[in-house]
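Below, subunit A partners subunit B and then partners subunit C, in two separate complexes.
Coming up: the complex of A and B.
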C-alpha cells in the first residue's frame, strides 16, 4: 500500500478546490442525493452478491451437515469444527503450508537482493528485470507442466545434474518431503518476480539525493541498504510478508496441477475443494473455509498492528 | 583487484545465475516441443537438441487435438466482457465515491475495503451455490460475473486517478448545464485513460491465467478456456511430453508477446495493482 502512496507522489498535486457554485434549488438537491447511488447500484449489487452473501452463507453452512445438493440439511452445532480439529488427517494439511512459508522467506530475500542491485547502475538492467519478472505472468497450468517435466525421471533437472557428473535416480516428486520442497521451489520460481517488482518500485521512490549524501558521508552499499533502503520500503516489506502468509495458506494451483495432492502434497484449499465438490461435504468444507478465513484475517490484523503506519487510504 | 571489482563480479554472477534458473526450464520445454516421438523415445536426455529445429508437428497436434482454437475463443470472449465490465464498474464506483458526499458513504467505502481482506479461494464453496442458483453454472457468464464482481484492486487504481483530476473541471461543466452522467462520460472517463490501460493489462493477465474459477464453474469440455484446456492435456497426452510441451508453449507465447510490447505499462500496472 505504500507502493501506491509512493506512486501517487509522482502525480501532480491536486488542484486547489475552487469554491462551489451557489447552493442549488431544492429539487436539484434531491436529484444530487440519488445520483451517487445510480453509479453505485451495479458495483454494490455485485459486491454483496459475490463477496458478502457467500461469507454469510458459508458461516451458516458450517454449522450444518449439508451435502450441497439435497434440499435436506440438519443443524449440527459445532460438530464440523470439532471434526476438523480432532481428525488429524484433516489438520495435517496445515503442515504443508510450512514448506510454502519457508519458501516465501527465500523468495523475499532473493527479491530484495535483486531489487537492490538492479536499482543501481547495472548493465543490461532492463533485460535482467524482464527475465526476473516474466515467470509471474505465465499461466499456472503451463508452469505446472514445465516443472512436471523439470522434475521427471530423465527430465530437465536430472539432465542438468548429469552434465555436472551427478547421476541420480531420485524421484523428485516421489516422497512427501522431497515433493513438497520441489513444489515450494516452483512457487519461489513463480512469485519472486512479483515481490521483486514491488520492492523495485518502492526503492525507486526513495529520493536519489539520499544516496549521494550518504556516499559523501562515507557510507558503503551495505550501509545504504541498512539505513536508507530498508526503512524506506518497510511498509511494502510488511505487506509482502502478509501476502506471503495468506498465500502460503491458500496454495492451490501448482500442487493440484502437478500432483493432484498426492504424496502428502495436499494443501488446505485442495482438501476443501475435494470435500465440497468430490465428497459433497459442503458443511464440513465450509467450516474448513471459515477456519482459513479467520486465520488470514488474524494474520492481517497482526500485521496492521505491527505496522500501524501502513494505513489504507481509500478515503 | 579491488574489493569493488570483486563485488561487481559477484553481482553479475548472481544475475547470470538467476537468468539461467528462470530460462532453463522454459528453454527445455521449447526444445522438447520440437522433438519427434522417436527422439523422445531414444532417451538422449532433456538437454539434447532436436534433429529438426523447424519440426512444428507437435504444435499442429496440440492445437487441433487439444481444441486450442475453441479455448482461445472462449478465453477471448470472457476477457472482453470481464475486462470491459471491470473498467466500467471500477470507474463508476471511483467517481461516485470521490465526487459525491452522501449518506452511508463511509459504510460503502468500508464494504469495499473489508472485501479486500477476504481471499477469494476461501469463500468459493458458498459462492458456488449462489452462482448455481442464478443458473450461471457451466456457462461462460459465471467467470465473467465473478471477475467483474470482486475486483477491488481496479476500483482502487481508478480512485487514485479520479482524485488527481481537478474538481474545477467538473464544476465548470456543471455550470454549462452538464449533469453527473455527462460529466462522467465526457470528462472523467476520457481522462482516466492511463488508469484504464493499467486495469486492462492487470485484469487481462489475471483473467487469461486464471485456472481456479473456470475449472470449478465450467466443467464442460466445450467451455474450456486456455488454462483448463491445457490442464486436460494431462489425460490423453499423458506421456507425450513433446505434445504437452507444445501446448504449454502455445499458451505462453501470447503472454510473452504482450510482455515484450507493453513492458513499461505492465511493470507500472503491477506496482499499482498487485499491492492490494
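Coming up: the complex of A and C.
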C-alpha cells in the first residue's frame, strides 16, 4: 500500500491538452520505466526477504556442519550430500508419501465432483460451498488435535460407528497402515475444499451459453462434463495435480502434530525436522531440505513434459 | 538468474551465516555474587519453562520476596511453552534474557561462550549438588534450583487392592505385580503416555538406578548401553515386557498427558515411570478430582544391589547467566537467592540442591526402606551428547522408545534382541567416529 501511494505522488502531472512546451521526453521515459518497479518494490522486498534469502541461507548451511546454535561452523563441502545419498534408509520414508498420493487422487475426484454439481443450479448451493470450503480455513494444529480425539479409543469415530451398530475395537492410529490411512483421510478432509474452490472458479469461467448450446444438441450432464467442463478446466486440473504431488512428497503438519512420526507415519519433512532440532544436525537437515526441493522440482518438470500445457480454446 | 550469480549468492550466504556467530569478546566472563544487596541495580529478565507459574502469579510472589533483600533489582519473567526450540533460535543473537535455563542443545564446551561463570567447581561443590553437570575447565556455569529422582508414580490404593504391599525388587517381580493389578482391578496397570512422547524419554534415567553405579554415565560413553545386563537394556526390556504382556493401556497412540493425572489419582491408571517432580502435579490433580492425594505413591526402579534400592538424584534444568547480560550481578543474585532462599524446592516437594538440606517429606518411605541416594558423575556428559547426536539414537528423544513400544505391541516387525542390538551397533559405531575426530 505504502509503495503504491508513494508511486502515485511521484507521477508526472498530466500533459496539457493545449499546445505548450512539450514535457521533457527523457524524464517521462525514465518515469515510465521506474513506475512499475515502484509498484513492485514492496512485494519484491517481501519475497526476497522471506523466500529467497532463507533459501540461499539454507543452501549455504547445507555445506557446513552447523548444529543450529554454536557460533562455530565449518565448511564441509559436499559432505552432507554424500552422507545423505549413502544412507538409503533416509529415503525409505517416501513410501509414506504413497498413502497421501493415493489420497490426493480421491481428493481431486471428490473436489471435481462437488465443483461440477454445485456449479449448476442446486438448492442451498452456497451453503454447501461453505461447508466444503470450511475445513481449509481451520488452522492445521487445531485440525490435528480435533482428529486426535476423533480417532481415540472410544472417541468420535467409534461412537459414530456404534450408532450404526458397528462396534469396532480398532486402534485407528495403532498400526502403520491404519495410521497412515487415517492421517491421509484427515488430509483429504482438510484440502478437498481448496481443490474444490479452484475447480469451481475455473468451471464458472466457462461461458454459460455453451451449456445451452450443448443441451440443444442433446448433450446430457455427463457429456457436458466430458466435452465442455473437463477440457475447459484442464490448466487448473494440471496445476492441482502438481500441487498434490508436491504436497504428498512434503507432508508435515498433520502427521507431526498427531503422531509425531511414530508408528511408521514419519515423512521426509518430519525426518528433516528431527535431524535439525532433535539431533542438532542443521547442516545435514538443510542438505535434506535441498534434496527434497530438487525432487519436487524434478517431479514437476517430468509432469510438465508428460502433460504439456496447451492453450484451451472452447469456442 | 544466470550461471554466474548463483555461486556469488552462495558465497554471500556463507559469509552472512558466518557472521551470525557471537563474537568472542565477552567469552569467559564471570557473574560475581554482589557484596552489598542494597547496591545492586537493574531490571533482569528470567526465561522459564514454567508458564503455569508465570500465569498464576507464583513466580511474581518469589520476585516480590526477592525485592525485600535486593530492593533495586526488578525481575521480569518470560514463560516459553516450546522452550528448547525458541531459546535455541534466540541464542543466535545476544538477546536471550539475563537468567535462563541452559538448553540441552548447547554443547558443554560452548558454555563459556553463552554463559557467565558462577565460580569454580572446587568452591561451589562444597555447598551445592550437581555442579559437575555444568562444569567446564573447573568453572561452573549453571545451577539447578531443584533435584529430581526418577521413579514409578503409583496409586497406592490400587496396588493394595491387587494385594501388593512391598515394592517389587526385580523387573520380573514388577511384571508379576502389574499382572495382579490387571487381574484384580479395573485399572490400566501401566500407562506409557506414548502420544505425549517426552514421558518415554524418562526411561533413560534408569541409568544408574539399576546397577547402583555412580560411574553409569561414563559407562554409556565407553561401552554398549544395550549389552546384556547394562542399565538401559534392563530398563528398555522392562518397558518392552510391560507392553508386550498387555499390561499397558490399550491404545498408546492416542494417550493424553494432562488427562492421565486425574485418571491415575482416581485409580484408573496404576503406575507410570516419571520422577519426583511429578508427585506434586499428581497430588494437585487428585485434589481437583476430589480424591485423596495421599494415594499417590512413589517407588524406585525394581532392582537391588546387595539388598538395597538405589535412587539417582540429578538436576532439573540448570539456571545460567547470559554472558551478554548488562546486569550480571543482579542476575547472579537472583540465581543464588532462588536456589538458597526462595523455598522453590520445598514448594515443589523436590530434592534441594543444597547439600545440607533435608529430604522432602514425600521421600520418607524411601528413607524408611533404606533406599540409597546416589549422584551419577557427569564428567563424561559432553562426550555422551556427542555420541548421542552422531548416532541419531536419541537417548533424550522419544523416537526409539516409541519404536520399542510399537515393536512390543506388534505394530512393527522384529525381535527385541535385534532391535536393541541395532541400537548398540549404531551407538558403538558413533563412539568410534566421535573418538577419532
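Keep this in mind: the second predicted complex is superposed on the first by the 239 of 315 C-alpha atoms of A that agree within 3 Å, B and C clash if a C-alpha of one lies under 4 Å from a C-alpha of the other, contacts with A are read in each partner's own complex, and residues count from 1 in each chain.
By our rule, contacts are C-beta pairs under 8 Å (C-beta built on N, C-alpha and C of every residue); 3 or more make two chains touch, one makes a residue touch a chain.
Since we're looking at a predicted model, the values are computed, not measured.
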Examine A:40 and indicate which partner it touches, taking first as subunit B and second as subunit C; both and neither are also allowed. first
Return first, second, both or neither, reflecting whether A:50 touches subunit B, subunit C, both chains, or no partner chain. first
Could you say whether A:61 touches subunit B, subunit C, both of them, or neither, answering first, second, both or neither? both
Would you sort A:255 into first (subunit B), second (subunit C), both or neither based on which partner it touches? neither
Looking at the overlay, does A:232 come into contact with subunit B only (first), subunit C only (second), both, or neither? neither
Please work out whether A:140 is in contact with subunit B alone, subunit C alone, both, or neither, and reply first, second, both or neither. first
Check the residue A:75 against both partner chains and state whether it touches subunit B (first), subunit C (second), both, or neither. second
Looking at subunit A, does subunit B or subunit C touch a larger number of its residues? B
Return first, second, both or neither, reflecting whether A:162 touches subunit B, subunit C, both chains, or no partner chain. first
Shared subunit A footprint, subunit B vs subunit C, residue numbers 57, 61, 68, 152, 155, 277
Touching residues of subunit A toward subunit B in the complex: what are they? 1-4, 7-8, 11-12, 14-15, 17-18, 20-21, 32-33, 35-37, 39-40, 42-44, 46-55, 57-58, 61, 68, 110, 113-114, 117, 122-123, 126, 128-142, 145-147, 149-150, 152, 154-156, 158-160, 162-163, 189, 194, 197-198, 200-201, 221, 236, 239, 246, 250, 252-253, 257, 269, 272-273, 276-277, 282, 285-286, 289, 292-293, 296-297, 300, 312, 314-315
In their shared complex, at which residues does subunit C touch subunit A? 9-10, 12-14, 16-18, 20-22, 84-85, 88, 91-92, 103, 105-107, 110, 113, 194-195, 197, 250-254, 389, 392, 394, 397-399, 402-403, 406, 409, 411-412
Please give the residue numbers of subunit B that touch subunit A in the complex, ascending. 7, 11-12, 14-15, 18-19, 21-26, 28-29, 32, 43, 45-47, 89-90, 92-93, 95-97, 100, 102-103, 105-106, 108-109, 111-113, 115-119, 121-130, 145-146, 148-150, 155-156, 159-160, 163-164, 166-168, 171, 174-175, 180, 184, 205, 208-209, 211-212, 216, 226-228, 230-231, 233, 241, 244-245, 247-248, 251-252, 255-256, 259, 263, 266-268, 270-272, 274-275
Quick one: in the complex, what on subunit A touches subunit C? 56-57, 59-61, 63-64, 66-73, 75, 148, 151-153, 155, 171-176, 179, 259-264, 274-275, 277-281
